[in-house]
Amino acid sequence: MTDYNSMELMICVAARFLENGASIVVGTGAPCAAAMLAQRTAAPDLLMLFEAGGIAPELPTMPVSVGDSRTTHRALMASSMTETMSLAARGMVDYAFLGGAQIDMFGNLNSTMIGDDYNRPKVRLPGSGGACDLATNCWRTIVITPHEKRRFAAKVDFVTSPGYLTGGNSRYEAGLPKGSGPYKIITNLAVMGFENPERRMEVESLHPGVTIEQVKENTGFELLVSKKMKATKPPDATQLKILREQVDPHRYIIGR
Amino acid sequence: MTDYNSMELMICVAARFLENGASIVVGTGAPCAAAMLAQRTAAPDLLMLFEAGGIAPELPTMPVSVGDSRTTHRALMASSMTETMSLAARGMVDYAFLGGAQIDMFGNLNSTMIGDDYNRPKVRLPGSGGACDLATNCWRTIVITPHEKRRFAAKVDFVTSPGYLTGGNSRYEAGLPKGSGPYKIITNLAVMGFENPERRMEVESLHPGVTIEQVKENTGFELLVSKKMKATKPPDATQLKILREQVDPHRYIIGR
Amino acid sequence: MKAVYEGKGALFMDPDPDAAREHFRKKNREMTGKIMSVRDAVAKFVPDGCYVAIGGFGGVRVPVAAMHEIVRQRKKGLGLSGHTATHDFQILAAGECFDRCDVAYIVGLEARGVSKNARKYMESGKVKCAEWTNAGMAWRFKAASLGIPFLIGRQSLGADSIKWSASKIIECPYTGKQFATFPALYPDVAIIHVNDADIYGNSVIKGVSIADEDLARAAKHVIITCERIVDTEEFRKDPHQVMIPYFCVDAVCEIPYGGYPGNMPFEYFSDEAHLKEWLEIEEDAAAFKKFLDDNIYNVKDFGEYLERHGGIERMKELRKLEFITDAGFEA
Amino acid sequence: MKAVYEGKGALFMDPDPDAAREHFRKKNREMTGKIMSVRDAVAKFVPDGCYVAIGGFGGVRVPVAAMHEIVRQRKKGLGLSGHTATHDFQILAAGECFDRCDVAYIVGLEARGVSKNARKYMESGKVKCAEWTNAGMAWRFKAASLGIPFLIGRQSLGADSIKWSASKIIECPYTGKQFATFPALYPDVAIIHVNDADIYGNSVIKGVSIADEDLARAAKHVIITCERIVDTEEFRKDPHQVMIPYFCVDAVCEIPYGGYPGNMPFEYFSDEAHLKEWLEIEEDAAAFKKFLDDNIYNVKDFGEYLERHGGIERMKELRKLEFITDAGFEA
């Protein structure tokens, strides 16, 4: 059995969801590592896009900003934010990774503020950046996040990036593009999806050694459990070797 | 006294309306010659723009299309139609030259069709191209045209490029930008403007040897005559020398 | 949102970004080679009845080889975007290939005069038209490329074109002022001639782009014809060059002088003598029929057409003319 | 046109293109030299209370020298566009220079963490905010650059940000679907750091442009800070380089390393150690006050600041880091 930490696990699990020939808007950190790993394993033709305009770079190392020099290293285009964002609006972007301080059972994300008064936030967070834009227009959004009760909240204080809103068809009734929405939530404990008519978060696979009770204990709302729930396939040796030697040799991300 | 033909006269008269530091969207033919002449006389810093995207070229010779190679010769930018058209929309373009098969007393121009059935035109003309766009958004439009009764029509068959519409404030009431509109109509007989509350075409100056009767005879509607009507200042020797030797040495335009 | 006014012109294509999204979702994003002949590209991506938009402008950077091929393959019932379409329009009108047209500028060749045959075709009643402007069409492509159903502008306000277009007039919710709407135009296929492309379709345009960056993003399929194929490495060395990325493109056809007799910026100037020949021969219907046979129908491919017009020696002259800029355009 | 929904957020600037047109009508189109010191440019074009938009993004190609100057000149009451504003935001927050902000991304420095001081300032109630997204802000600049009062998009639909923005929801007159409106944003002044500029303001940006081509066109005044002045002849030789034309520009300030400690694509990488120092020292209010004195208030100009952080030797290291790309970002 190979040994790995939970960041490595999440990255390897995420990488497997990215099929060859898909396009993805990449953020800094774990999402970037997952996309780089996918490119070096099953998805060499994963089209990597950065929100500030880097199109199809050959990343030499992790970017520290989604607009930095690395994102245009041997890229096909050094373009603009409008380029990437309008690609998403046209339906040309399959995946985006998102994050947030809070997520609710419909996959709505908050990265704007904690508190109940917008004008006097208890904690001011950075805001949407491009997250809301990508959550709106990319076909499938994936979240990589630690599984903590305060993050998995019954109600987010602010909907920064819309998921399935109040569930069912509410996302599309609000005008968001048909067929788009949250796809997978990947944590240190499990993988969750929304493959049910209510569009509620549902456990799809448990990571090695994790129980469903552990997942529920760390979640602030009632989780559904898929009838087809299975065990998460752990990282394999090839993935780990590439992740450690090529993707993140300095352990910026996997060393966290 | 210097000798010149009526094309040379119109070009020299038009060039004098273009002050230094103004910007102008240039078409092929006489307008281009006028702008080039202005640059070589009183307006060296006339900013020349082409509708297809050529920005501030140093024209080596007359372009044959407003998108051809000449329009980016030693230019500052080889840009796009959106660049030029949005410059006009933002109020950055002072002048545009327009033309048409018909013009009415309010400076409305027709370059779309002759006849009364859009679906079966008697004569199909090219259409707006960029003319309507420039007539809409540039501050001042100038027309260089032969003075013929059938061109100076009581009613144009199709308003391709809006002038003052039905006069008075009607242009602005239709939503066109405040302060924009037809400025000068330069023909082989006279110069006309619209400096009156009704925004009707008004003779401002008569070319050498031309009588007001001649102008009226060649106009299909009632012309106003400015109280300050004067004689057109004829081309001077410097203008003619530069026009003939530098601007149009092959006599493509002035030989017509 | 109620429109204050609605033009009664035809809307030939669906402006709904969701319909376009369904198409774009399936579009290939792999870097696969897309080299094919212009014959195959036209056969595959320009079916009878589809809506075609042509890159370039005013006889400049126009995919003439592809225009000839459309006529030679006797394509019929096409929709066409006439966005300062000059010699390209003249060719397709000669083939009577289209029966509906979004008009901004047609039948004329700017300073060169008017195509008598194209004018006759447009006066025949065989072509259903909607009337726009150059900026209006550019706005329509930009709306499509932004993934939104319309863009607003002032062009067409007060003009009769709005009556014969599918523009509507709305009141701006911020200023209360009136603006015209320009519905997104997602053509079935765009054909764009470029200077350099790689085998995947990454393309570089020199000179003005007109609206081709938006057109390439708006179109459901894109055929690139190029002066030359270059190695992708050239683009990766300097990521500021590519204007059209490979994932917009479906076919890449290498056709040196593929814009002849038009002007190809930074390559060769237009052959004004031959363009004049086209305009003049249209005066005589029988002679024009023979001219079309000799230049298109009975010609194997575009290479043969170039041979008939002086071949490489003539092309060398036109290249000279492009760079010796004080020769004037009638040389 | 009736909106289905109206956000109640502040609209800090007038989106009416006619108001902007009156300004742009008077803007200088002559090629006059505009070289001045960053001190003079800030003194002249950044009056107290004006609305400022900053080019670059995420500490990349950010006009840091101009940010320092704004703080040093103790500008107050500015409006600010927070369009993935990171180190620039941190600097202006340290100076408490602004009291209203269009937010898309603030207080954070992406992968680097959060500015404690900037967060505190934003939680203080001293800053009035409206809440947008990155694409929303890009759309606002694009609307302004197109000379139209708004652009539509789907971003913000279903999100709470729309409640605190000046977006409205309208129904598309073609599809009947709902879209959010993004009102044009014409800032009083934009400050953009570029690689190369000539004395007139023609500017070349290397790497991603973010939204700076639109921002430069939207802003009523533009200050360009550049790594180097080049001869206009360089641009005329190849007209595909210039992204910002001179007639948009009011001041040109040559400041080599003017984006330090941020990353300047194709010039130098970010000084992550110094950025970390900024973040860490903010934990201690007294130390931070001294840090600001030492780095901004009691510093003559940006050159002195560079000297304090290793001068030309450090800059050479950062240049190396930009081109030796496998060194990682903490080197």
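By letter and in written order, the chains are A, B, C and D; residue numbering begins at 1 in each of them.
Everything that follows uses one rule, which is that a residue touches a chain if its C-beta (ideal position, glycine included) is under 8 Å from a C-beta of that chain, and two chains touch if they have at least 3 such contacts.
Just so it is clear, the model here is predicted, and its values are computed rather than measured.
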Winner on C-beta contact pairs when A-C is weighed against B-C: B-C
Separation of subunit A from subunit C, taking each centre as the mean of its C-alpha atoms, in whole Å: 40
Gap in Å, rounded to a whole number, between the CA centres of subunit D and subunit C: 38
Euclidean distance of C-alpha centroids - subunit A vs subunit B, Å: 57
Geometric centre distance via CA averages, subunit C-subunit B, whole Å: 28
Multi-partner residues of subunit C (at least 2 other chains): 18, 146, 148, 153, 177, 179, 206, 240
Shared interface positions of subunit A, touching two or more other chains: 72, 78, 82, 89, 137, 177
Overall pattern in which the protein chains touch one another (line/ring/star/complete/other): other
All touching chain pairs, where touch follows the definition stated at the start: A-C, A-D, B-C, B-D, C-D
Residue ranges of subunit A in contact with subunit C within the complex: 20-23, 45, 47, 55-58, 72, 74-78, 82, 86, 88-92, 94, 137, 139, 177-179
Subunit C residues touching subunit B - in the complex, by the definition given at the top: 56-61, 82, 84, 86, 103-108, 110-112, 114, 119, 122-123, 125, 128-129, 131-136, 138, 142, 153-161, 163-164, 169, 177-179, 206-211, 213-214, 263, 265-266, 269-270, 272, 322, 325-330
Parts of subunit D lying in touch with subunit C, wherever the complex brings them together: 1-4, 6, 11, 15-16, 18, 146, 148-153, 168, 170-175, 177, 179, 181, 183, 206, 240
Residues of subunit D defined as touching subunit B within the complex: 17-18, 20-25, 27-31, 144-148, 202, 217, 232, 235-237, 239-240, 242, 245-247
Contact set on subunit A toward subunit D in their complex: 28-29, 50-54, 60-73, 78-82, 85, 89, 112, 118-133, 136-137, 158-162, 165, 170-171, 174-177, 249-250, 252
